[in-house]
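Reviewing the structure listed below.
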Amino acid sequence: MHGLDLLSWILWMPIIGVLGVLLLPNEKTTAIKTWALINTIITFALTLVLWSKFNQDIPGMQQALSVRIPWIPQFHIYYALGVDGISLPMILLTGLLFMLCILSSWTQIKKSIKAYFALLLLLQSTVLGVFMSLDFFLFYVYWEVMLLPMFFLIGVWGGENREYAAVKFFLYTFFGSILMLVGIVALYYVTGQSENSFNILALSGGKFTTQTLSLFGQTVSFSKLFFVFMFIGFAIKVPVFPFHTWLPHAHVQAPTAISVILAGVLLKMGTYGFLRIAFPIFPDSAKYFAHAIAWLGLINVIYGALCAMAQTDVKKLIAYSSVSHMGFVMLGLAAMTVQGMNGAVLQMFNHGTSTAMMFFMIGIIYERSHHRWIVKPDGSRGYGGLYTQLPVYSIIFIIGMFASMGLPGLSGFISEALIFIGIYEKYTTITVLALFGLLIGAAYLLWMFKRMFFGDVNPEIKNYPDMTKLEVAYMVPLCVAVILFGIWPSPILNMMKASVGQLVSLLATF
Amino acid sequence: MINLGSYLAISFALFVCGILVMIARKNIIAMLLGIELILNASALNFAAYTKFTNNNLDGHIVSLFIIVIAAAEAAVGLGIVIRFFQLRESIHIDDAATLQN
Amino acid sequence: MYLNYLANVGRYIPELLLVVLMIGIIILETTYAEDEKNKKYVFILTCVGLVATFASLVANMSGKAEAIFSNSMIIDPFSTVMKMVMVLGTLGAVYLSTISKDIYESLKTEFIIMAIGVLIGGMILASANNMLMLYLGIETLSIISYVMASLKKNDERSSEAGLKYALFGGVSSGIMLFGMSHMFGVLGTIQFSGMAANIAKLDHTQMLIMMPSFVLFFAGIGYKIAAVPFHMWSPDVYEGSPTPVTTFFAIVPKLAGISALIRVTMIFFLTPSALRVGWVGLMMIMAALTMTVGNVTAIGQKSVKRMLAYSSISHAGIMIAGLVMINDIGVRAVVFYGITYLFMTLVAFYVTSIVQDKYGNDHFERFQGLIYRYPFMGIVMSVVMFSLTGLPPLAGFVAKFNILNALINSKYYSLAIILALNSVISAFYYLKIVRLMTLKTQESNEEIEGFGFLNQVIIIVMTAPVLILGIFWDSIMGLAEGAKIFIK
Amino acid sequence: MDYTLSTVAPIVLIPFFAFVLNAFIVKKFTKLAVAISTGAIFVSFLFALRIFMDFMNVYSVGYYIHKTFTWFDLSAGSHVFKVNMGIYIDNMTAVMLLMVTGAATLIHVFSTWYMHDDPRFGRFFVYLSLFTSAMLGLVLSDNLLSVFIFWELMGFCSYSLIGFYYEKEGAGNASMKAFMTTRVGDVFFLLGILALWSVVGNVTFVDIYKAIGAGAFNNLYALGIPLATFAGVSVFLGTMGKSAQVPLQVWLPDAMWGPTPCSALIHAATMVAAGVYLSLRMYPLMELGHMLPFIAVIGGITAFGAATIALVQTDIKAVLAYSTISQLGYMVIGIGVGSYNASFMHLITHAVFKACLFLSAGSVIHSIHCQEMPQMGGLRKKLPYTFFAMLLCCFAIAGVPFFSGFVSKDRILGDALVLALTNANHIYKLVALLGFGGAFLTAFYMFRMLFLTFFGEPRDHHIYDHAHDEHLGWNSNVPLLILSLFTLGLFYSGSFTGQGEVNLFGSKNEWFSTLIHKPDATSLHHFSEYKAEEFGSVDTRDKVQLTPAVYDENHGMSEHVAHEIHQIHHIGAILSIIIAFCGIFLAYSMYIKKSVNPGWWTSTFANWTKALKNKYYFDDLYVGKIIQKGLLPFNDLLSRFDMGFFDKYAIDGWASVNRWAFTISKWFDNTIIDSGMVDGTGASVRMMNVVLRTVQSGKIQMYFIVIVVVLAGYVWTLSF
């Protein structure tokens, strides 16, 4: 029967958590936290079950797991869920990160705890919804609903400039997605309002190569126009170069857990959108714009890295590094080769883990120092000598840092290498330039590390305690993931390769 | 020979005059009169059209209704103007400019 | 033969009920004026009457669509649905008036009486089937509205608002009438159906007369629904008049005007003609302008009431956008929009009015940290704001989605994109309130008595549809689907 | 014997597991961790020895082991893409393995003594284990990708080891500098890998050789450059980074910030060797890309330039560091002039004596807690064993006959000379010149170091008196002696002089030049039948089938040509001997006999001295100019632009655009319509009608005007 299938359970488990949190009284904070933790653990366990049930030889959607129930029959809108090799890694990542975020918020969140955890769980549900939904309308709904919890989570629990960041995040994304909505409706009618007009799978396959439409008097290609709309919608989430400026604000202002979610999962929603919607539905335009996308990705890589180098706020630095790393994903997508695409999806996963580590670590040190300056505005150094003061912290930090730097043996490398192998065949120049991104990437991270960890102990940090058991507890899973998938990527790659291969061959036909 | 055209011309003149009064006069009472002018212009139209082109009573009925409603509107308008005058000691339209965005 | 005028008066019970109710209240008022506690009775009586009207409307829904009073009126599902919405709006406004401090205690009954009067006018407008009834409806609506606007006898601003409203209304109805007169002259009848039939047989010179007269005609309706550029009265009037009145104005006359516009459009321009092209162009420009101007102007406002006024203008624009494709999908979308708009507006105005009563004015700062004082109100208000922005899964989104749907269905991509971008602009100011309510801590800790339990319950009840219609909008869509225009 | 997981993989895995294990236990059981690492590396030495013995038994050029397994496989539907990893062992690998494990073992042993008092004694060994296992992995790799992986891992280890004393600011700088400088090379190396991948489809050495042999690179271009050259230059840039060739040599001297044993490891056995090893492996590509002259020149400049800088260094480790750079330069020259075997031999010999030298320096430093040579002197009596070891090494590196350095370096120089005299390309003359000049300088500065340290009178008596006397200790100076033993030439050439007159091991003399197969254009076809086997499958090839290698006097050249070449070789040999002794004699006369006053030289060539002391201003250029003046300000500018301009105006601008629209519309209402239109209309009205005298505007009337105007506009547009 429908209501009891696995995907729905995963999707609605956090909602159950929200209800539970709301029912608990305000002052019972530990109870709320514990409940939220248990809930997320169950969700994560369910995602693991999903993985175990997942048959990785099937290229398309897992029929065994799909759900399709009418929601608004007269618009042919369905409550349709499904999972394939591209969404599964993201779902796993979401399950994992939210669990850890609850742990990290355990001590870090002090004000209105109930609302915080309720919103966090709501956010999880919406994110999962985005990664699972196969109905375009449903996808859009989840995509938008995600804004509300984010808006409040950044706006209420954020830093001193939080409102600006929250509003900016909201408007940016809203702008992108509203254009996407136009595209959705347009597709609905171009396909003749049939049974499948909102069905992402039925829409994909490049059915719209010939249609044209008149806009403000000009005749434009249907496919190109709406590819651009959706590109903007997703690019804002990624974020791709001209649309990236919300990211530093949001990251710097958001509380630790939210930055982790933002960098770890939400940015991936953008690239996931490309893989699930923009590319399959408009493969011809994707091919047409591929070169431009590659250049944008390159700009991301270089620009983000260079900006990161200039930052004195370590969180902002990592935020820009995310811009740079998501640029690699864009490169992989633009390559449209089996290596590049797989690399991109793998990079989505790996960046999720490594950057989450970095943000967690920054949150941990922020707990102690209540500032994030590498170099304070007055020129004095913010930290310095952390290596001597917090050895355990430093070791874990090193792992995270080198993982996001792409050191072989840690997760970042394989995905980046695959992306490069993929992109080289297509755009040699871009590859050569993008490689400098690797160079600068190493530079700013190491420079930050040197300024924060080396040298004699800064008297300010003399009394910082090393990581608590709790903090270690939620860092360990990420370390394991980073190292394990760095040495042995096959589990993730086998998960995705069939689906990615299908997408690549679809693109290859145009 | 008075034909439809002349009626229309007159009514149009009335209409324009009404509009101009609304625009140019500063006295509120005068402006209410301007409204009357406009209404009468259309009433005249209805009557004229009925007389010359359409052979049904619709136009006459409408013009009757117009007269009635014009009266009602004038009554309400005057009431409001009186209230306004009580509050401001003025029926100058420029004094009715406190509501600004 | 004469009696068949009254043959199907049965379909006209709602209006008659309202008239009876109005008279009853007048009598009650005049007889027991000095007695304080009859206020309660008046209110109860009103509620009963309105609910009865609503019930009879529901009854009407079931009956087949027909033209009554020798085709001067049309009772069809569409008009009935619109009437229902108007009745509900009136009910909400009436309740607000009883709790609001913005109306003198002594005048509350008068407010109720006039509200019912306006409602009657609106209902006539909604089901008018010839020029005369249309004109009568608009005038009934307007003339009483003038008085309502200046209900605060001793408040300069209120009376000024009334004055402006009166002058403006007079002029625009006059202009409309002038247009009408020429249409009548050319088309030879005041029956919509007959006129529509004759349009086809016009020659070129007659066309030349028709075009301007339609424009003039549109001015009248456009002013009722405050379409740009006939909107300028509305912010002033909305701000000047007491909040319950504003609430009432934002709902009943607007929807009445919209329904009249829909009917006219559907009857006259169903068949393609040179006029239709012009009309649609007019509508498109009107819609785009109304949306944009409403939104852009709303951004700069300091008073929430005024902001809502402008936002209501932009919503009117969106509803007009639902008309440019002259088909049932558009009508359905607009009807649905009207329904959701009713609830959202009511809630927004309720919260605003109560806040205003507590703090004396309704500037944005008053909303700071509302959620910490009244969590429920804060949440409800944010929900409504997000819904007005058009965020799923709220009713506002579904409504907008339907309009977009209709637009793109008929390939009006440009207008669709303008609409989309407009909702981004609207997010600016809706978010502003949400931000103030939730993210800011309250500016002053002055102790003021709360919203009151009953009010909170009522507000939450009115918010429920906003949430429910966002997810389970299938049934309401069915209702709107059924609300077909009957042409005779 | 069968080469499966159980016999080869342990060489890498044992140290690696030691690392993993130690990483956890090092805090609690330091001693145990140390024991584990040292034991682990020794065990893998035994494995390496076993393999080496096996290869010596087979004694065939064509003998190799190539096992692969699939790392991951992206094949889906029609797309086939799998990444294989594997081991590839030929004679070269066998020797490398032996050298690396051997040197590493001794360094471990020495470290147990040297680092004993260090607070982070245990952690040092953790890094060492990872470092060696990475190097071993690199040596065993059968493809460039895994080479790159281990290559980067070594970069990480060197980063950690150079920054080992992280409370020192300088250590931080040095480690970052080392990582970044090598990273520059690495990035290009990766580019080279990509380029090769795009042609060959994978980056296994053998497949690349096959592809080159089959001419797969012909008329392929990347960015307008012939693809072979493109890839070759990129890969060689990797070498330049790791092997500290000019202009990427700046990091190696700073590597001294690490503890001395790790310097020994970096300079001798692991890091820098990797670079040259890579270039040797990629020799066919270099040849195909016509890069050999370029490589030779780079090597020559490095060899000579580093030697000159070494002249003025007073820090004992600095001298050794620059000597390393210069010796690496010789190896690169060797590649450039095509003396493949000799270059490889020099890699090995240098590894041995340089490890020994660094350990000796370490023992000196450990005993007197000072690195400045001017404060030493006369330590000969205090540290006899160290002195003995260092003496032998100095002979070796200076190229004195009967010592390893002579055997290898002399051949490189010989081949350089041959090309200089015979080859049409005159650049080789310069190379030869630089090479011989460098040899002279090498001899000089090495003995300068030796004399300053061990001879003469102690210059700083305080230090001298506090230096504790050296006793023979299994982990203090026995490793030095063992290493110094292997500075004798005959281990490498099978003969004392290295010219193969004396048959020591019977037929096994000259096994270096016999066994190591130079994969040049003429001999690539050998690889055509090479094939990889799945991991775990037993090696079935019957080794009897393989033709045993025999030493060919003429290297496969015709009698006549070989004779000429030999003539030149002999000249070169004699020349280099003379040069070496000249250098030594000069040093002797400067620092022992004091007949020549070094002060005079320094004062006469003051500018030169200054330039040398500042290492030719490379650091100033890179750090001072390019980074401080160029990169960082640019970044600041960019981020300012991003947040301060782009975000502020281009993005938030949209918010204010609405406000503008709002204000503009307001202004429009008040100014234009109010004053302009109302009064304008008024004027027209006045003309029309005298009755209306004074015309004022009221807000509401303005509304009417707007309406009228708009309506007129509509009417106009619609009806005409």
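Quick notes on this one:
All chains are identified by letter, namely A, B, C and D, in their written order; residue positions are counted from 1 within each chain.
Throughout what follows, contacts are C-beta pairs under 8 Å (C-beta built on N, C-alpha and C of every residue); 3 or more make two chains touch, one makes a residue touch a chain.
Worth saying up front: this structure is predicted, and the values here are computed from it rather than measured.
With steps allowed only between chains in touch, the distance from chain B over to chain C comes to 1. Across A-C and C-D, it is A-C that has more C-beta pairs touching. We define each chain's centre as the mean of its Cα atoms; on that basis chain A and chain C are separated by 44 Å.
The distance from the centre of chain C to the centre of chain D, with each centre set as the mean of the Cα atoms, comes to 77 Å.
If each chain is reduced to the centroid of its CA atoms, chain A and chain B end up 66 Å from each other.
Centre to centre, using the average C-alpha position, chain B and chain D are separated by 95 Å. With touch defined as above, residues shared between interfaces to two or more other chains in chain D number as follows: 655, 666, 699-700, 704. Looking at chain C, residues 164, 167, 171, 175, 297, 300, 428 sit in touch with two or more other chains.
In chain B, the residues that reach two or more other chains under the touch definition are 19, 22, 96, 99, 101. Interface of chain C with chain A (complex): residues 386, 389-393, 397, 401, 404-405, 408-409, 411, 413-414, 416-417, 420-421, 423-424, 427-428, 431, 434-435, 438-440, 473-474, 477-478, 481. On the side of chain D, the complex with chain B involves touching residues 666, 678, 681-682, 685, 689, 692, 695-701, 704-705, 708. Chain B meets chain D in the complex at residues 19-20, 22-26, 93-94, 96-97, 99-101. Those residues of chain A lying in contact with chain C across their complex are 71-75, 140-141, 144-145, 147-148, 151-152, 155-156, 162-163, 166-167, 170-171, 174-175, 178-179, 181-182, 185-186, 188-189, 213-216.
Chain contact summary for the complex, chain C toward chain B: residues 131-132, 135-136, 139, 142-143, 146-147, 150, 153-154, 156-157, 159-164, 166-167, 169-171, 173-175, 177-178, 180-182, 184-185, 188-190, 235-236, 239-240, 297, 300-301, 306.
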